[in-house]
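Each of the next two complexes has chain A plus one other chain: chain B in the first, chain C in the second.
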Partner chain A sequence: MLAHLEHVTKRYVKADGVLDLSLGFPAGEVVGVLGLNGSGKSTLLKLLAGLLQPTQGTVRVFGKAPRQARSQFVFLGEQDALWTWMTPRDAEKFMSGVYEDFDAARFNELLDVLDVPRRKTKAMSKGERGRLRLAMSLSRDVKLYLLDEPLAGIDLISREKILSSLVREWHTDETILLSTHEVAEAEGLFERVLLMKAGRIALDAQAEELRDEGKSVVDAFREVLS
Partner chain B sequence: MSPTDRWILDMDAGPIYVQIGARVKEQLARGDLAPGEKLPSARDLAALLSVNPNTVAHAYERLEADGVIETKRGLGTFIREDAPVAGTKKETLEAAAVRYVNEARRLGVSLDEAADAVKEAWNAGSS
Partner chain C sequence: MRGFKTLLWLEHRRSWVWAVSLFASLAFWAWGIKQVLVLDIASRAGIRSGLLGIAAAIGLLVLAIMIGRFRGETRNGQYQVMLLSPPSGYSHILARFVYAATVAAIYYVTIAFLYWWIAELAGIHFDAVTLIELILGLPLYGLALIAFPLMAWVLLLMVVVSSYRLSGSGWIPGTIMVFGSGVAFGELGEAISRIAYSLPGWRIFRHAPGALIERFGPLDPEVSTELSQVMYQGVPIEPVLVMLAVTALMLFLAGRIWQEVEA
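Our next item is the complex of A and B:
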């Protein structure tokens, strides 16, 4: 297993986090993390990224505590945290300085494919910033990508570009966990889907097996939520 | 026909790999794809359809086992010169017939009524 959680519970003071999660993620799996707001999707990804500490239980990424494995995975968070003065060229310099595995050539290719304008981020739309942040994330050469809502709040064309870049850039030995509300748009990409409800895994299934039973991932999602 | 129209997928209509296989066979049956013609790479088709590349690879493996396509090392994936065009035509027609019969049954009409409707539509030249 490339990453796993054992009996992990995360409690917040005011809200529920996740409850007694035990999950494993092998190499080379594209996993959709699905659920309503507050179901625990972000908490799960942040626990794996070491941005949150479990209240109980153990999280291991590449056999280590996530904080010790930081250089080995990418976490793309929901927050639109880019410096307003930054241009894609500045982002490239920044990433090259911080990450040894950052591939500048790949980054520039991705800027073209994702149609990211070469101007300061404060002059970009939310979709353009989202595409820039994805280009930064996918230009790192790691085996685990934790992408928290990369499709949230951006336009349809940006979402399509992001999905098709993910298909193109994914290598079959890499694991991607992607949380999203855009179940219908993204479901074809996922081999495995985790449906979360109130901090627990309500369904952990292979997407093609669900379809073999005549259910789309969207149908399964509705069933679990009803 | 736009490139995606030929490959329409319905997430409620069974596994994606089966649907991609059916779309290739339909295109072959209709003459939209010809023996010897090159197919998109699994990666390109996956990107076009926003599906997992493994799913397209799975569909291609099945088509290869069915004798419809072949992979030439370093060159890509092609419709076989001896691909069973007549067979795929029959298969595609039968699948369409099943869909029609299911609809007729839901409507509660008899076989004769259903067959008459087919003849009528045929003669009216509707395509």
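Our next item is the complex of A and C:
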């Protein structure tokens, strides 16, 4: 297992994040983490990244506490977390300076593929910034990618570019956890689907099994969460 | 070390506008000094020195704001990016501190240089030793005593605030720190004054009275006696040693919290 959670509960001051989750993520899976707003998707990904500490239970990533393994995975948060003065060149300098596994050639290739303009992020659209952040993330050579709503608030063309890049860049020994509301668009990407409801797993299934039952991921989403 | 250099670069990109503005403000203060034209030389030098004192105080405020700009990054997510980057929390904190300390050192050395200029304008010519003490020794003494601890305290405060928030249930640690620090530094000041001069003092400016006498003639005997005592005793070393240790402790705590914090 690349990552696993054992009986993990995360409570906030006024709400529950996730409740008694026990999950494992082996190598080589593309997992869709799906659910309505407030269902616990971001909490799950932040727990795996070590940005949140569980109230109860244990989280292990590569056999360590998540923050100790932070150089071994990518976390792409839902926030538009780039400095406004940053250009793609600055981003390359930052990433190659702090991440030993960052591949600058791959980054520049991805900038072209994702059509990211070479200007400051404050002069970019949200979609362009999203694509830049994805290029920064996918240019690292790691085995675990935690992508929290990378498609949120991004235009259709950018979403298509991001999804096609994910498909193209994915290697069979890598695991991607992707949370998104764009279930229909991302459906073809997922091998495994986690449907979350009120902080719990409402459905954990292989996408192939759903298809064998004559259901799409969207159908399952509607059936379980409606 | 590779990561640390990048963090220093990041710090420079985040803060260069503040640093350059601070340096540029010294041109304004130098211009202000030239505008002081009262006839009495001693009063003129006094007013000019006062202006530089104001510049030094404002600089301290600007440096504290510069090093403590965390809230926007916490809100916008850059804080998450830094928390998950491979360099340790100590490296992040140290990079911020080293950058701000370097800016502070350049700023205060330049202010000290302007003091030398004021002395020259007043016709007081210091010897080489006094000049080095004025331009390098005095700023470094002041930095170690006041600026470095203040900057480390602001860093620690902002890490605490960003970690535990000053709102919601986590307001208690931040509030205790804000109010508790005043009391703690008061107590520390008293403790330092009790141990001051346990070690031999640093006899800074021991040649300065000669330059004053050369310019203004023999000093008033009472002033001369007091000055001799101060020159003989020098300035205490203990406060600097204690405040450097306090600075290191606060940086360590800030780095430690950074390692654990949620975002």
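As a convention for this text, the second predicted complex is superposed on the first by the 226 of 226 C-alpha atoms of A that agree within 3 Å, B and C clash if a C-alpha of one lies under 4 Å from a C-alpha of the other, contacts with A are read in each partner's own complex, and residues count from 1 in each chain.
Here is the rule we go by: a contact is a pair of C-beta atoms (placed from the backbone, for glycine too) under 8 Å apart; a residue touches a chain by one contact, two chains touch by 3 or more.
Everything numeric here is computed off the predicted structure, so don't read it as measured data.
Following the overlay on chain A, a side-by-side fit with no clash is recorded for the pair chain B and chain C. Look at A:189: by the touch rule set out above, it reaches chain B but stays clear of chain C. Shared-chain residue A:98: touches chain C; no touch with chain B. Once the two complexes are laid over each other on the shared chain, residue contacts for A:35 go to neither chain B nor chain C. In the superposition on chain A, contact of A:160 is made with chain B only, not with chain C.
Contacts of A:83 after superposition on the shared chain: chain C is touched, whereas chain B is not.
Looking at the shared chain after the overlay, A:67 reaches chain C, while chain B stays out of its contact range. In the superposed model, A:170 makes contact with chain B only, not with chain C.
In the superposition on chain A, contact of A:17 is made with neither chain B nor chain C. In the superposition on chain A, no contact is made by A:54 with either chain B or chain C.
For the overlaid pair of complexes, the smallest distance between C-alpha atoms of chain B and those of chain C rounds to 28 Å.
Of the residues of chain A, not a single one touches chain B in one of the two structures and chain C in the other.
Contacts from chain A toward chain B in the complex involve residues 30, 160, 163-164, 167-168, 170, 172, 184-191, 208, 211-212, 214-219. Chain contact summary for the complex, chain B toward chain A: residues 9, 11-17, 43, 46-55. Taken together, the chain C residues at the contact with chain A in this complex read 2-3, 5-7, 9-10, 13-14, 76-78, 80-81, 83-87, 168-169, 259-260, 262-263. Residues 13, 46, 49-53, 67, 70-71, 75, 77, 79-83, 85-86, 90, 93-94, 97-100 of chain A are the ones that touch chain C when the two sit in their complex.
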